[in-house]
Each structure stands twice: as structure tokens, then as C-alpha cells.
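Here come two complexes built around chain A, the first alongside chain B, the second alongside chain C.
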Partner chain A sequence: MRETPLSNCERDFLLKSIEAKKRLDGRQTYDYRNIKITFGTDYGCCTVCLGKTRVLAQVSCELVPPKDARPTEGLMFFNLELSPMASPGFQSNRQSELLVTLNRQLERCLRNSRCIDTESLCVISGEKVWQIRVDVHVLNHDGNLMDAASVAAISALSHFKRPEVAIQGRDVTVFSPEERDPVPLSVYHMPICVSFAFFQQGTYLLVDPCEKEEQVMDGLLVIAMNKHREICFIQSSGGIMLLKDQVLRCSKIASVKVSEITELISKALENDKRVRKEGGKFGFAESVAKERITVLTREEAPLEMTDVQATADEIISKADAPPEVVPSPVIVATGTGQVGEGLQSTWGLEDDDDEEEEMSDLTEREKKKDEVMVISDSEEEEVVILNQAGQSKCS
Partner chain B sequence: MAGLELLSDQGYRLDGRKATELRKLQARMGVFGQADGSAYMEQGNTKALAVVYGPHEVRGSRSKSLHDRAVINCQYSMATFSTAERKRRPHGDRKSSEMSLHLKQTFEAAVLTQLYPRSQIDIYVKILQSDGGNYSACVNAATLALVDAGIPMRDYVCACTAGFVEDTPLADLCHAEESGGGTTLSLALLPRSESIALVQMDARLHQDHLPALMEAATVACKGLSKVLDDVVRQHLQEVSVQTRE
Partner chain C sequence: MDIIHSCFKAQIGEVVLPGDVFRFNVSSVEDDSSVKAEKIICGPGLRRNGDEIQVYKSGILRHKQPNLYWIDSQQKRYVPVKGESVIGIVTAKTGDIFKVDVGSSEQASLSYLAFEGATKRNRPNVQVGDLVYAQFIIANKDMEPELVCIDSCGRANGMGVFGADGLLFKVSLGLVRRLLSPQSEIVKDLEKIFPFEMVVGLNGRVWIKAKTIQQTLIVANLLESCENMTAQQRQALFKRVADGAL
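What follows is the complex of A and B.
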């Protein structure tokens, strides 16, 4: 199945709102979505949620003979999968452009920047080295896969511990975690990608584009940096014209974002370590208990809720009491009675209070539904519902 | 860096160039009879062939055609004998498909594709000998081939690499300088407007050095554009002399 294209209306709306410096989810131009990093029960397993984008990274290792050219260095292997589960646009067996780009960028970001000490992965020079394999699976696609993947991969690598080995002559013994404590990889620095989307031939710039924004963007610039303000890779794509100043400005923004994200990762790692030590619930076990794993979880709306109660009371006090509608049972056929549902609508005809039409329309419609179930004093019930909603949101 | 001294105390590089010096550039246009446009390019020891077909009707699945502009189809391949170790697959591996994609994106930015709706332009590039700067050699060769094919572009697309050794930006890296693991920046530039069609960089570089490196690459690209312009003019002269006779 092909990716659903955006309609012209949506496209125009998005572009216009970007021109007005507004975004669909209420973010500012340089804002990231919420990043949540969770670790699994195993070492080297990490899920990253970037808004609704979800990415899972799993690190594993095995002993392999090294490459001839570098007999004393361990190997790093990266693989990113776009499963059709994540988006209907992804096809399982095709080497799509997106897949190639993401894979190569991940590889360049993490291998070419030498963030992992590969020489420490050597067991016997020229014979056996550790191969570290990083599998990144995209679980849900809501834009900006690259950033999510890079955060997931580097967090998983920092979390991962390989088994301890002992060498006696030419014999290599690999110890299980029960026998000897596994050793973590030596991570020199954490390269993190930051994506910039360009619109209207580079006039407008957004950080962390969501899926809809990605569909209308003209071009993308990905900059990977670490917290020492070293740029690990830059890649522009999408056939737009950039200017040198734009690239330099993006690199400055990236340095700020990267330091924030690095902070977040180290906090998550520390937290995981602490919880593991205490023997508490960690990883996915924790997330299941809080019912975070499903899509149906409701995010707290970042809205001002302080004066909701007052405003609601005010509206209700101003509003006229809706005309009382006495439900009259209708006998359709002998032996059946019907109330409410299926009746001919009468409220449009006898409605005479013109001020705030919509309000009364809505309340009345709701009331009609209510009355099907329970026949009670409707106005009081209305107030109670609002109170509850307001209080629960406030608390 | 394997102990290789990339920049001597006297300011000379491995192959005797100064820091900002480019390699010798030689190019010919119109090397194939069958193609709509073609070019051969030597940048030092890096040799590339580029062939352009089109604009023509969209081949293959009709669904690929765009109603408002032309599709650019790029294929990058490396001859099996182009590197020191014999290559098994000339194209189709991850690196080559990435390179094809980058070339495509570069030329989508530079070619006036909106002039040819519902059509396709094919660009095939082959590296005959690889000695660093493959991407830039391909872009430069493809630019000449596109000029030879008479396809309108915003400007020449000139690409060049730049590296950074001991606080000095080096222009136009050769293979030894590139493979040392140092910073490599590839820049595809439209020299007149100084707008960047594609930029990519690998390996670590401190943020403060980026402006200097980009400046060095920009200067190198501008130098390249003069050479390309000369090649085009010379080719035109030859052709016009031939047709007059």
C-alpha cells in the first residue's frame, strides 16, 4: 500500500501555519516533541518514544574473526528495519530510498564517528573479536525516524554489557552473566542526530518534523553532534538550495538540542541503574504496569486549566435553562414503546432563544441522548459532569 | 591516521600540493555517440564517466511520472577494477545506492525539472578509477554531460571535498587523505549564487571549525567551476569549427 498522500487543503493549511510560525501540535519552531527513553529487562534493549514515533533498539554480540585489514579491531554492524507495522507506507521486502538513507546515516553517525572503542572488543588479535550488532526496529512512524533511531541506538549501546571472557593460551572462555559480571562497552561520546526540515525553498525551518510536516517539506538537513560540540556528520537531502549561513545556524541549534538530549539519556541510564540495583521493576515491566504500552494512553493536554471551573460556571449561569422536553413514549406497533431515539426532531422548530445557538444545540442534543437512558433533572447533571471533568484535569 | 603525516611542517601534502591546491583537472565532453550527453572527467587519479539520456518518456512503471516536473534517475557504479581491492559488485550495495540517491538529490536541485513535466532524465555515472572524491568527480562529470545534452540548469554544479588537518583546511582530498579517518566534507555548490545543492560530512569536527572548512570547500568549488566553464567553451569552439567545415 502506498503512503496516503496529503490533500491540497491539508498541505496549504500546514504551509500557511508554518509561515505563521505555528505547528499542528502547538510546538515552537525549535521545539522537540517529548522524548521518553525506556530500557528493557535485557542489557542493550531500549525503546525511544519521540512524540508518537516509537523505535526499539537491541544490541547483541558474537565472536567472529576480524577483517584482514584491521585484525585488532572489533566490528560494528547496524541494521534498521522499517516494518509494515509502523506505517502502511513501508513494505517489508523492498530496499526503499528511505531505508537506505536511514541505514547509511545511522552507520555514518555511529561507526564513522568512532564513538565506541572498537580496539577494546578484540579478544585474540587476528582470530577472534566481538562483533556488536545493533538492530533498530521502527515500531510507529510519526516522523523524524532518524533522530529517534540515533537516540535509541546510542542509548542501547551505552546500556549494553557484553559477557566477560578469559583467555588461556588459545582457549577462549566466555562466562555467563551468573558466573562473572558482564562488562559494558567503552563509549567515548554520544553522537545524536538532529533533523531540520526546510519549507518554501529553505525560507522556513523546523526542528523535529512530524510525519505530516515531513510530507510537505522541501528538504531535510541532518546534523549529528555530541555534547562536546563536535559535529559527527552532516547530510542534506531533498533537492533544496541551502546557504552556508543556514547550515552554520542549524549547527548552532543542534548543539543546544544535543546537550539537552544527552542529559536526558544519561538521566535515563542512571535511573535504570539505580532501579536495577534496588531490585525494583525496570524496563518494560514498569511500563506495562502503568499501561503505557498501548497507543490508547492519553497524554496530558498542555492546556491552561486553572480557570475552567469559573468559566464553566459563568457560562451556565448566563445561559437560559433549556426548555424542558418531556419524553413521550411513542407506540410504533402494538406491544412496543419508544422514547427518544428515532423520534422526529422537534428542537429545531420550537427553538426560540437565538443567543449562543450552538451551545444550546449541543447541550440539548446531549440531553436527548441522556434522556433515553435516564430521565432525571438534566440541568443539575450537566453541572456535575463539568465539575468532574474540570477537577480531574486540574489535579 | 596510521602515523601518516598528511601535512608537512613546510605546508605540503602527501602528493606535494599546498593546502588549498586542487588536483589536475581534465575533462572531455561528448565522448559517446549514442547518448544525448556524455563526459569524461579526471580529477587527479580519480576518473569518472557520465552519460545522460533524456528528457524522454518515463520508462518502466508509469506511476513514477510526476505531473509538474521531470523525474531524475541516477545510477552510480564503480568499475570492478577501480579500487585497490577488486570490487565484487559494481553497483547495488548500500554505499552505491546511497551515492545514487545523493546524485539524484543534487541534480533535482540544480536541473530545471519543471520544464519537462511527465518525463525522465537518466544520468549514469561510472567510476573508472577511484582515488578519493568519488562523489565530487561524479557530480562534475554529470554536470558536463548535462550541459552536453543541452538540459537547462540553474548553474554549473561543482562539487569538491575538503578535509581538516592540524587546524588547516585541505581542499580536494585524495584517497590516502580520505581514508585516514579524518574529517571529510563534500560540498556540491552552485557557484554563482553560492547556494548549496548537497552537503555531507563525516567523522568528527569541532563546531567552531565548520565555517573555515565550508569556506575552503566553497573556494575550491568556485575554482573548479572556472575549469568546467573553460572545458565547455573549448568544446563549443571545437564543435562550431567542425560544423562550419
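What follows is the complex of A and C.
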């Protein structure tokens, strides 16, 4: 089945609303949708929900002979799949352009950044090494697959444990999990992709575009970064001319987002570890809220309800020094972590004041008020250059 | 007649699942000469198989006097049905027909002569990407569905190209049917908040246009959130919006 085409009226409306700094789901320019990370009962199995986008990653391993050029290094293999389940427009056995791009980006993000210690995967030099295989399946497509896939893959890799092996002479014994505790992979750092959609030849920028926004965007910039603010890869597609300032600004936004997502992943991992240790119940089934019909649930759409201009002025007049607002991930059920609760934005980066749930979160808005960041060509904001080490790594 | 109806009666308004069966004894109905042979009509989700009626969709069993039964289900994928009015997106112009996407498995065709006042000389102005409100004239499983933008008298009757601006979005088919039902409270409640234009297609597409972009977005988000809310929740939400927005 072919993909639903985008009508002229949707395109016009989206562009107009982006110009007016509004998004379809009531988010702000720099807001991510809710991220939810859930681990399965097996090690190395992880689903990530990014709004309605849903991605499953599964890590597996096997013993293989190494490559001749690198006899002491383990192998990493990445495979991303788009099934018709995700979107009726996807065909299961066709190499679409999107599929190739996503696979390549995932590989660049996770293999080329050397976030996994491949040397520790060597069993017998030149003969047997572990091959780590990461399968990423897209379960539902609502835009920004790359970010969801990268979060899912790195979370699954950090969660994964390979069987313990013992070497006696030439004999390799692989122990089952019951005999000896499996060992986790050594993850040096967690590269996470952050996507920026550009509209009107780069005049407008949105973080975490949804599917419809992706259909009207002019260009896409994907930055993979770790929490040490090192850029692991950067890719601009769509052929738009970006200014140096814009790229720097994006990398600055990315660093904020990445630190938040990294914190969320480590919270989710910690939570899962704790539950497993305590012998509690874990896995996907446990993280489903009970006695609720889940099939038709959708996240409650944040609505703009109050008259905008009046409150904005009031807030500006009341605003005082902005403290550091770091959202703390919420643990909804065992084995999960989640940032944001749908209704109000809990991201640190807050800009426009034209959205308000209720007057009661006025105090919170005051705090955020001074962190305004506006993207446009004319800019007076100071440009901060990220650390040089990170820049040199950018491939 | 009562024999047939009695097997449904207990379940009206209840949730039924695929595989549920309603049994009645044909011979006893026919033998009973005192009652006239009465027909019942199986709507969507029900199918007759010999002595029994099988359910093949999950949803709520509905009944309309005198003899109509159907299942009110909440699916998202549209299947064309003859006579239903839908919102389509024109995807291609090929010779004398337009290809229109209606959200079903196959694209529908729309002849350029099927517009009000269109002749071979006087072609309607339809561009690729335009929205059309049209009606199915042919819809069956073996043939390409065909749309028309005129009624049997050749009048537009509200159909045709529309949507210069405004927002198009998708909701479930169940919600669309609820919006269109004459006793629907949703639209009545919604239009109290502020005025807006709305086109609802039975294929789950809804087009909204209000005075400003923000108002359009509010209406669209409200409609989407109506999907799974009780009447009380909905009224409470609408009241909050009305208080805040006005």
C-alpha cells in the first residue's frame, strides 16, 4: 500500500503554523515528545517510545572468526528494519532510501564512534571473537526514527550481557547464565542522535519532527553526541545551506537534549537492575499499566487554552534569575523510565511564552523564562564553541 | 420474528467479539405459520452462515428499528462502501480521470465529468494535492472504487474541491461516525467554544478551519482527545477550554 500523500492544505497549514511558532501537538520548538524506555525480560531487549514512534532493539551475540585485518577485535553488526507494521507505506523486503540512510546513520553513530570496547570481545586472538548483533525494528512510525533507533540501540547495548567463556588451551567453554553470571559489554560512552528539521530554507528549526513535519521539512540535520559533549557524527540532508551559527546552535541544543536522554537511560537501566536484583517482576508485560484499555489510548494533547499575550507580559515582568531546571525522569512502572508527563513541558530549554496549561504553573514558567532561545537569522546570542576535542571527532 | 430478534436482544449495547455466534432455528421460524416471514438486515460486522449469524468485528452490538443490526467498531483502516461520502486527496491527473487517495488499500478514480457543471470543454479546476469531498458510486472488492462529486440530479450538493486552508487530520472511524450521528453531542458542545468550519469524511478524515491557526489547532486537538473520553470528561474539558480561551 502506498503512503498517504500530503495534501496542499496540510502543507500550507503546517508551514504557516511553524511560522507562528506553533506545532501540531502543542509542543515548543525545542521540545522532545515523551520518551519512554522499557526493557524486556531478556538481556539486551529494549523498546523506546518517542511519542507515537515506537522502536524495538534486540542485541544478540555469537562466536565467529575475526576479520583477518583485525584478529583481536570483536565484530559489531547493525540492522534496522522497517516493516509494513510501522507504516503502510513501508515494504518489508525493499531497500528504500530511508532504510539505507537509517542503517548507515545507526552504524556511523554506534560503530564508528567506538562506543563499545571491541577488544574485550576477543576470545582467542585470530580464531574466535564475539559478534554483537543489534537488530532494530520499527514498530510504529510517527517521525524521527533516527533518534528513537539510536536511543533504543544504545540502551539495548548497555543492557545486554554476553555469556561468560573459559579458555583452556584451545578449548572454549561457553557457560550458560545458570552456571556463571553473564558479563555486560563495556560501553565507553553513549552516543545519542538528535534531529533538527529545517523549514523555509533554514529560517525555522524544530527539534524532534513528527511524521507530518518531516514531510514538509526542507532539510534535516542529525547530530550524534555523547554526554561529554563530543560529537560522534553529524549529517545534514536535504541540501539546504546552513550557516555556521545555526550548526553551532544546534550542537548546543543537542548537548542539552543528550544529557537529559542519557540521564533517562541510566535511570531506566538502574531501575531495571534494581528490580532484577530484588527478584521483582520485570519485562514489557510488567510495565503495562493494569486494568486499562491500552489499545486506543493516546497521549493527552497539550492544548493552548489561555489567552496568550496578557500572561506573557505578566511573566516577563515577574521573571527573576533562572535556576537550573533539570527534569527528573519519572518511573511509571517497573522497568521503565520516562521524561515529561505530556501536559506541560519539563525540558530545560523553554522559549516561547504563548502556551500555558493553567495559571498554576506560573511559578515554573518564571524560572524558565530567561533561557529563551530563538532561531532565526538575525541573532545576537553569544555562540559557545563546544570543546575542541569533540569537534575534531566529528566525522 | 420474535424468535430471531430474541437471540439478539440480550446482547444489544453489549460488547461482542469476532467468533461470537447468534443462533436461531430456521425450521422453527418457517414452520410457525402464524408469523409472516420476516427479514433482518445484517450490517457491518455481522454475517450469516446457515443457521447462525457470526460476528466478525469486535465492538458494540447496535440495533435500529425495525430489523437492522450492526457492530459499532473502532477500526482505523477505511474500506470503501457504496454511497459513503469521504474526503480524498488528489494524487494524480491522468487523462480524463483523477486518482484520489481515500485512505483505503487502493486509490479511487474520479472522472473530471463528475463535477457540477463540468463538460468536455469546461474542465473543473483540480490540482494534485487538492482535497475533494466526494461520494462512492462504485465500491466492491473486485473493482477499483469510483468517486463522484455530484448527486443523481447532477448537483454538487456540498461536494467538490474544498480546503484552501485549514487543517486535515485523521481520527478513528468510530469517532467519525459519532461526529456524524444526528444526536451527536460532541459537535454541539464544540461549537459553543468558538465558530469553525468542519468537513467530516466517513474515511476518518476531518478538515477543520477556524479563525486563527491557534483556534484550529485547539479544535483539532480537542476532537482527537474526544476519541476516548466519557461525556462528563469531555464536557469538563470543553468547559475548561471555553473559560480559558474566551
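We adopt the following convention: the second predicted complex is superposed on the first by the 291 of 395 C-alpha atoms of A that agree within 3 Å, B and C clash if a C-alpha of one lies under 4 Å from a C-alpha of the other, contacts with A are read in each partner's own complex, and residues count from 1 in each chain.
The definition used in the following text is that a residue touches a chain if its C-beta (ideal position, glycine included) is under 8 Å from a C-beta of that chain, and two chains touch if they have at least 3 such contacts.
No experiment lies behind these values; they were computed from the predicted model shown.
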Partner chain(s) touched by A:7 [first = chain B, second = chain C, both, neither]: second
Touched partner set for A:70, first chain B, second chain C, both or neither: neither
Partner chain in contact with A:24 - chain B first, chain C second, else both or neither: second
Touched partner set for A:276, first chain B, second chain C, both or neither: neither
Touched partner set for A:108, first chain B, second chain C, both or neither: first
Residues of chain A that touch chain B when the two form their complex: 95, 97, 100-101, 103-104, 108, 112-114, 221, 225-226, 228-244, 247-248, 251-252, 255
Complex interface listing, chain A residues touching chain C: 1-2, 4-13, 16-17, 20, 22, 24-26, 293, 296-298, 300-308
For the chain B and chain A complex, residues of the former touching the latter: 94-95, 97-98, 101-102, 105-106, 108-109, 181, 185, 190, 193-208, 210-211, 214-215, 218
In the complex with chain A, residue positions of chain C that touch it: 74, 89, 91, 101, 103, 105, 107, 127, 129-131, 163-168, 172, 207, 213-214, 216-218, 220-222, 224-225, 227-228, 240-241, 244-245
